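First up is the structure itself, then whatever we jot down about it.
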Amino acid sequence: MKSEWKTENSEDKFHDECGIFGISKHPEAARITYLGLYALQHRGQESAGIVTLNNGQLNQRQGMGYVADVFTDKNLASLKGTAAIGHVRYSTTGESNLANAQPILTNSARGEMALGHNGNLLQADKIRQELEEEGAIFRSTTDSEVMLHLLARSRLPDLGDAIREVFGRVLGAFSLVLATPDGIWAARDPFGVRPLCLGKLDGGWVVASETCAFDLIGAKFVRDVNPGEAVHMHGEHLTSWTIVEPRETAHCIFEHVYFARPDSKVFEKSVHASRYQMGQQLALEHPVKGDYVIPVPDSGATAALGFASISSIPFQFGLIRNHYVGRTFIEPKRSIRHFGVKIKLNPIRELLENQRLIVIDDSIVRGTTSKKIVEMLRNAGAAEIHMRIASPPTISPCHYGIDTPTYSELIANQMSVSKILQYIGADSLAYLSVEGMKKAVGAEVGFCSACFDRKYPLPDTPRTPQKELFELHRT
Amino acid sequence: MKSEWKTENSEDKFHDECGIFGISKHPEAARITYLGLYALQHRGQESAGIVTLNNGQLNQRQGMGYVADVFTDKNLASLKGTAAIGHVRYSTTGESNLANAQPILTNSARGEMALGHNGNLLQADKIRQELEEEGAIFRSTTDSEVMLHLLARSRLPDLGDAIREVFGRVLGAFSLVLATPDGIWAARDPFGVRPLCLGKLDGGWVVASETCAFDLIGAKFVRDVNPGEAVHMHGEHLTSWTIVEPRETAHCIFEHVYFARPDSKVFEKSVHASRYQMGQQLALEHPVKGDYVIPVPDSGATAALGFASISSIPFQFGLIRNHYVGRTFIEPKRSIRHFGVKIKLNPIRELLENQRLIVIDDSIVRGTTSKKIVEMLRNAGAAEIHMRIASPPTISPCHYGIDTPTYSELIANQMSVSKILQYIGADSLAYLSVEGMKKAVGAEVGFCSACFDRKYPLPDTPRTPQKELFELHRT
Amino acid sequence: MKSEWKTENSEDKFHDECGIFGISKHPEAARITYLGLYALQHRGQESAGIVTLNNGQLNQRQGMGYVADVFTDKNLASLKGTAAIGHVRYSTTGESNLANAQPILTNSARGEMALGHNGNLLQADKIRQELEEEGAIFRSTTDSEVMLHLLARSRLPDLGDAIREVFGRVLGAFSLVLATPDGIWAARDPFGVRPLCLGKLDGGWVVASETCAFDLIGAKFVRDVNPGEAVHMHGEHLTSWTIVEPRETAHCIFEHVYFARPDSKVFEKSVHASRYQMGQQLALEHPVKGDYVIPVPDSGATAALGFASISSIPFQFGLIRNHYVGRTFIEPKRSIRHFGVKIKLNPIRELLENQRLIVIDDSIVRGTTSKKIVEMLRNAGAAEIHMRIASPPTISPCHYGIDTPTYSELIANQMSVSKILQYIGADSLAYLSVEGMKKAVGAEVGFCSACFDRKYPLPDTPRTPQKELFELHRT
Amino acid sequence: MKSEWKTENSEDKFHDECGIFGISKHPEAARITYLGLYALQHRGQESAGIVTLNNGQLNQRQGMGYVADVFTDKNLASLKGTAAIGHVRYSTTGESNLANAQPILTNSARGEMALGHNGNLLQADKIRQELEEEGAIFRSTTDSEVMLHLLARSRLPDLGDAIREVFGRVLGAFSLVLATPDGIWAARDPFGVRPLCLGKLDGGWVVASETCAFDLIGAKFVRDVNPGEAVHMHGEHLTSWTIVEPRETAHCIFEHVYFARPDSKVFEKSVHASRYQMGQQLALEHPVKGDYVIPVPDSGATAALGFASISSIPFQFGLIRNHYVGRTFIEPKRSIRHFGVKIKLNPIRELLENQRLIVIDDSIVRGTTSKKIVEMLRNAGAAEIHMRIASPPTISPCHYGIDTPTYSELIANQMSVSKILQYIGADSLAYLSVEGMKKAVGAEVGFCSACFDRKYPLPDTPRTPQKELFELHRT
C-alpha cells in the first residue's frame, strides 16, 4: 500500500493554503519569480504557477507538484517578459486538480487578467451563487475565479477603481497579486489577516508573502502592504491607494506559531523571535523537572531552545529526522505498525534511555502524531515524558484561509487537557496560554487568535455550529 | 534540431478539428467512450477528454496527446458512471494548451454541464465580446466555452428549451455532445455541416462523428442526427426535438475527400465508395498514358484504385510508408536535405525505374509535399510523372470548423494549374472538377464545397478579403 | 485490463529479432545512425542503442522502446564521434530487459569493444557453459555477450585475426557490427543467413541490415557483405578478408516473405518484386472465382496485387487499418469480445456485402488472427471467403535468429490444411508451394526455407523433437 | 542554467559511497529491504537496487535516483521472495550510469549470484587487468564485478570456501552482501573499515550498514559482523566463519564525524555521542568569546550543542535550512551571484545582527561553502565570526571507499590554517585535534584517521604522490 506521507504526519498540522509573489521589472522576471516561489514552497506544495507580462501579453505556466518539478530551464525560458506573478498552492484532497492551480488567467472585457491569492472570502459561496444566477459559469472552485468575475463585472473603467469597488465590498481575508497588460497589482484586506510584504529589487518592485523570498533574490524589504491598501507596480513606479479604510488589524497569529519560516519577518516581526519567546513563556508558565529538553523536529526547535534557556535544562536533539523522506512511502502489506512518524523520525536510544524528557512541539491538532512520538520515546527507554506545547489548545477552525480540521477532529475541542494527556500517554502535558502567546509576539491586540479562543474578528464570520463545540479550556 | 513531423507533412493537408462521442447507458461507459475516441483519433490528436455521469455527478479526465496516452487502466477506472461523453481535438499550434481541451466542465446556475463540439460558430468573437461586456470571463479560446456561457444565461428553466433558444439563434457549423446530471444531449446545426451519427448499443444510445466508432464498440447505426435536431439520451430513452427548422443541407464534402475514415459512413454514404468514384471520375476527365498508377499513401489509395479501374493501367504500391514514424524526428544538424517526406515515404526504385507514373493524391494544399514526392520519384528513375488530384483545386479557406491555411498559403489560390505544375516539377497535372466530385459523392446539391468554389452556404459567413483572392480557376 | 497489442496481433507473425547499422566516417555519426535505425525500426521495437567512437573512446546510449523515444536531441548531441554502430532489438517477453539491449559495451584486455548482432549462434548454450566453467560471468542472456567473451579470450593480438579465429569456428547465423577504438567492423556468417548490406556515404562506409536505411540517409548501395566476409571500416578505408570459406548460401527466405520492407533490396533482390511474384504464383497455383481480391493490410498488400494481376479479379481495400493504434490498448472489463484484430482492422461493409472475397495474407502462424478476420468479414456480409496464403504452411521453428512459436503452436504443424480451413472458418484455403515461393524469389537454391520444409541447411542444427512433429504437408 | 545542487554544496563534503542491506527470511522481503534502504538513503542517492530470492531464483530491480523513486508498489510486488539484498550507491559524476548500479546480478558456473558492497578494493585495477589478460570482459567499472569474477573463478566447489579463498586474499575495505539460490551471505574485511551490523527480525537475520535501518524495520541489533568474518544467513539459521584472521581494526572515523546518521550505532558506538563529545572537545581545545554558538545545519548541529555545553555560550539556530530544496535548481542567467548555499540556507538577520558568532561545522573540504557562509553571515550583520571545525584538517584522500577530492582540491593540503582563515574571511578558525577527535570517539586506537593524518593502516595502500603533498599541519 502506497500511503501518502502527508496523511500520516504533515496533515496533523494546520496548513497554510498559499504563497504569492510578484515583480514589476526585471529582465528575468520568470526566473526571479521561480526563486521567490522556491523560498515560499513551505506555504503550498500541491501546485505552482507563474504568469509573465511580455509586451502587453500574459503568458502562463502551471502544474501539479513542487516548484522544482513544475518549472524547467526550458519552460522558464518560454515565459518571456519583464514582470510576473507567481503562486504556490496547498489544498485539501477533494479539490486537488489542475483546474484550481493559480494564478488563474482569464479574458474579459477588461482584457487579460491573471490573479493569485492567499486567503479566503467569507461569502464566496453566496457571491458565486449570485453570479451563477446572473449567468456566470465557473471552471474551478477557487475564490480567485470569483474575484476575477467581480472585477470583470465592475462598470468602472479604471482597474484601480474597480479593485477599490470590488475589494472594498467583499468580506474576508485576502492578500492577492494581479497581472494585467498594465502591470502588476497587489492588494490586502482591511484586517491584514494574511501577510504581504513589499520590497525593491534592482529598481523594480516586489511583493511576497514572506521576507524569506526577498532574502533569496536579494531584494530589500521596504514595508508591509498595508491592510486595506492596493498598489500598482508598473516598472519602477509604485502607485498606492486605499481600497477600504483599515480596521483594527487581525493578523493571523498562527503564522508566528507554525506557518512562516523562522528566517522570515511577518507582520514586520521576526518569526524566530516570536517562537523563541513562546518557548520561554511556556517554561515560565509550565515549569517541569527533567534531564533534557528535546524538540519535535523541525517546527518545535526554536521554542525548545527558548524553553531550555529559561529552565536551564540542556537542549538535545533526541529525535533525528530522515532528510530523504519523499512524498510517498510504501508500507509492508501485512504490517500492523503504522510507519507514518517512524519513517520520518527516529529517537537516539543511547541518549534518551532512562532520562526524563521535556518534549516541545509547536501545536497539537488531532493528537495522533503526539501519541506516536510518546510511544516511540517510551520504546527508546525514556523514564518520563513531559509534553509542552508552545501554543494554546487549538479548539476552533479557521475561516480565513487556513486548512484546519473540523471541530470534531480537533482533539482539544473534544477533550480536556487531562483527557488529551491520557490519550497521548505522556507523564504530563501543558499548553502555552493565549495571553502568553500574545506576549511572545509582542502585541496584546491586533492579532487574530480565533483558532485558540473562538473570537473571530471579522464580521459575518460563520457562526460556530453549537453541537460541535466542546467547552472546557476557555472557561 | 527536433522537428515536429506534422510541420513537414501532415500539415500540408486540411485538418478536421474534432471528433465527438456520447453514450447514454452502459456499465462501462468510460471504457466504451475510450474505444469510441480510439476509433475517431484521426479527427484530432492534440488532446483527448472524457466526462462521465455518475449518480448525478460529472467526473472529468483530459490530457494532451493521443487517446492511448491520456487514458490508463487506472484513470479509466476512476471515471465511474453509466453515461459519458468524449472528445478528441486537433488544433493549430498557437492555441495548443490544456485549457482548450474538451469536454469543458463548468458549474453554473444550471448545475454541472460538460460540453464538447466539432465545428465553428460564425460569430463567436462577436458573442464573446458581448458576453465580456456583460461581465463574463473566459479561460479558453474555444467556442465550447461560449456555448456554455449562452446556456448558463438562458432564462428558460428547462435545458431542452434553453438548447433550442441558444442553438436556434447562433449561426455556424456545429455537432455537439453535452453531459448534465440529467443525461447526455446531442445537437446539430440546421445545415448539417459536420457529421453526427446516432446508434444503439445494448439498450443504450450512442452518438459519434463517424460510424467507424460504432463498428469498434459493436453498436448498430440507426440514422444521422438530423440537421437542426437535438436529442436527449437518458438511459434507454431518446427524446428528439427540432431546435431550428433545417435548411438546405451543406454537408462538408471534404469529409468524403480526405477527413473521414474510408470504412465510415458519413452523411449516410460510404466514404470508400465516394473516393473510389472520385478516382474513376478523375480518370474519365483527365486520362493519361502511363505504366503504373501509384497512390500517395495512404490517403490517395482508394482513388488510385478507382483511377486504375477506368484507365486499365496497373495499380502499384510505388511509395512505401514507414509504419514507425513517431510524432517527432531529429534531423542531422548540417543537413541540407529536408527529411520531412523522406522519413515517411520511400520509393521502390526497382519498380519505378524508367516507368511512366500516374501519381494519385487526394488534394494539394501548399504544394510542398507534392514537390518533394515528384523529386523523390525522379531520383528513383521515373521516366514520366503525371499528377492527378482526386479533388478540385483548394482555393478558399473553411469557416466551418476545418483547419485550413490562409489564402496566401493555398497554392491553388496563388497560381494557375500550369504554374503549380511548374512548381512541383511533374510532367502533367490535373484536378478533378467540382462537378465530377459532386457526381462521385452522388449529390448535385446538399454539400458545401466552398473550399473549392468559394460558395459559402451559410449566411453571414465572413466576406473573403479581396486582396487575398487570386482569380484563375473558377472563371 | 490493459492488453499489450502485440500479444493479440503482431505476435501471430514470425518476428525478426534485430536490425544493425554502422558508419565509419561522418561528422554527425550518431544522428546518421539514428536515421538508419529509424528506417530499420520494423526489425525490432523492444530496445534501441547507439555506440559512437570519439577520439579512441566509445560512448553508449540505449533504452527500452522505439528509436524515436530512446533518443532525444540532447542525448544524440552527447554521443560525440565520427563513427558509430547501432542496433534495434525485438525480443520474446521473458528476456525483455535493458541488460539485453545492444550494442553491448565491454572492457577487456583488448580495450573497449561494443558489439551488436542479428542472428543466432547454434551452440551458444554450450559455449556459454564452457566459458562459465573457465570462470566467466554473464550479465545478459544474449549471444552478443558470448561473442565478446570469445573475442576477449582469443590470444591473437590483431583483432582482425581474432575475428577470423572466433567467427570462423562458431556455428550459426549472424550478421554483426563491432566498434573499437580502431574503427567499425562488420562480419557475416559463411551461409549468409541474415542480410547485411554495404554502402558509401560522403566518403565513409556504411553497413545496414536492409537498403531502406541507405535510402533514408542518402547512401549508395555498393554490394552485400559477402557470406564469410569480415570488413574493417576505418574512415574512408575498407579492408576486407575472409573469415571462413563461404558455403552454399542459405539466405533466409522469410525476409522476402514478410520481414523486410518492400522498398528494400535484400540478398541483392527487390523485396517488392518477390512478393508481387509470390502473389502471381499463388494465383496460378490456386485460382478461385471471386468478386474482389483483398489484402490483409499491410503485409498482404503486394502479394494481393500480384494475385489480382493474374486472376483479373479487382483488387480492393476491403479492410481498413486504424493508423493510430498504439502499443497498448485497454479493453472493457466485462467484454466477451476480443478487440485484438478489431482495434486495428475494420471491414467496409458497403463494399463487401454479398461479395465473394479472395483474402490474401503473407502467412498463417497460429491461425488466431485469420480466424478473427474471417469472422469479421462474415459479419460484414461477405458471401464467400477464400483465403490464399502467399507462402507455404509454416511447420517448423527457426534456429537462425527468428522468433517463431514452438511446434505445438504452429497451426500448420498440428493440422492439415483442411482442418485449418475448418478452424478459421473460410470457404476455401490454399497456400503457395515451396517451389512456387522459390520461383518467385528467383532462385531454386541458395535460400533457407526450413520453416516451411524442415530442411535446416546448417550443420548441427538442433534435431527436431519427434513428438512435436506433425506430418501432413510435406508428404 | 540548471545547476545540480550537489555541485554547489553537498559536494563540498566527503561522501560515503554505499549502503547495503540483507534479510534472510521474511514474507515481504522486498518491502523490508526497501525500508532498510530508505533508512540508509543518506549513504548513496545515485542509484538503488534490490535482488530477491524466490524458490531458488533471483529477481532484480534497480534504477537511478532515490529509493522512493526507483521502487513502486507495483515493482516491489513483482520482487517476490522471502530473502533479499539491497544497495544504495553514491558516485562521482564520471561513472554515473545504470551499468554500475548494484547489486550486480550475474550467471556463472556457480549459477546466479548477486553482490552489493560498500568499500574499495586496493588492487582492483591490477586484479581487473589480470582477469582481462585471462580473457575476462567487464561491463561496469565497479569492484563488485571484480569480486563476482573472482568468485566465479574459484575452483572450490563450496561457496563458503570460495568466499574464504577470494576475500582472504584481496586487500581492501569492504562490507558486502551476496544473494545466491542458497541464501544470503555477508562478509567484512579483516580491518573492519566499513561498518556492517547484524540483527534479528521475526525469526530471520538482517544485516545493514547502520543500525538506523534496524530501527525503522523494528529489528533487534545483535552485534557487528566481525572484521574478517563471513556469515551465511539461510532462513532462521546463521553460519559464521572466519575468512581471514582479523587485524588491528581500522574503523573509518569519518563515519562518526559526518557520514553516519546520528541516531545510528556504528562500530557499536552511538554516533550522536561521538559528535557531541567532538563539540565538547573542540570547545576545550579552542575556546573563544562570543554571543551565540550556531551550527551549519544539519551536520554541525550535534557538535555545536556539545561546544555550547562546555563554553556556556547559548546555542541558536542562526542559519535556517529550506526543507524543499530539490536535486536541481535553476539560476537566473545573468546572475553574478552563486545561489549554491543561498538556496539552502538563510540567516536570521534579527538574531545575528551585531553579534559575535561561533559557527560550528563538522569539516572543511574545499572551503568554498565555508567562504560563502561567512559572507552570508557578514551580510546579515554579524560582528565577529569564529569558525570552529569539529574534526581535524582533511589533508589526504581516502583509499577505502570514500569519495574525496584529490590532494590539490583539499584546501587543508594546500594552505595553512591561517591562509584558510584568510580565504574564508572569518575572524578566527580552529580545528579539533586528531587526539581530541579520537578521545571523543572513545578510542586511541582501532580507527583509521588517514584523511587527517596520512597514516594509512592497510598494507599496500597507494603511496601518496609527493608533489601533491603540502606539509603544514602535521609537523
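Per-chain numbering from 1; labels A, B, C and D assigned in written order.
Here, a contact is a pair of C-beta atoms (placed from the backbone, for glycine too) under 8 Å apart; a residue touches a chain by one contact, two chains touch by 3 or more.
Just so it is clear, the model here is predicted, and its values are computed rather than measured.
Judged by contacting C-beta pairs, the busier of the interfaces C-D and A-D is A-D.
Chain B and chain D have Cα centroids lying 61 Å from one another.
Averaging C-alpha coordinates per chain places the centre of chain A 36 Å away from that of chain D. Our note on geometry: chain C versus chain D, Cα centroid distance of 49 Å, whole angstroms. Chain pairs that touch, as defined above: A-B, A-D, B-C, C-D. By the touch criterion given at the top, residues 98, 104-109, 129, 132-139, 145, 148-149, 152-153 of chain D touch chain C in their complex. For chain C in complex with chain B, the touching residues are 1-2, 27-28, 31-32, 34-35, 38-39, 41-42, 45, 66-69, 71-73, 76, 212, 215-216, 218, 261-263, 265, 270, 272-273, 298, 301-302, 305, 309, 314-317, 320, 322-334, 337, 339, 342-343, 346-348, 350-351.
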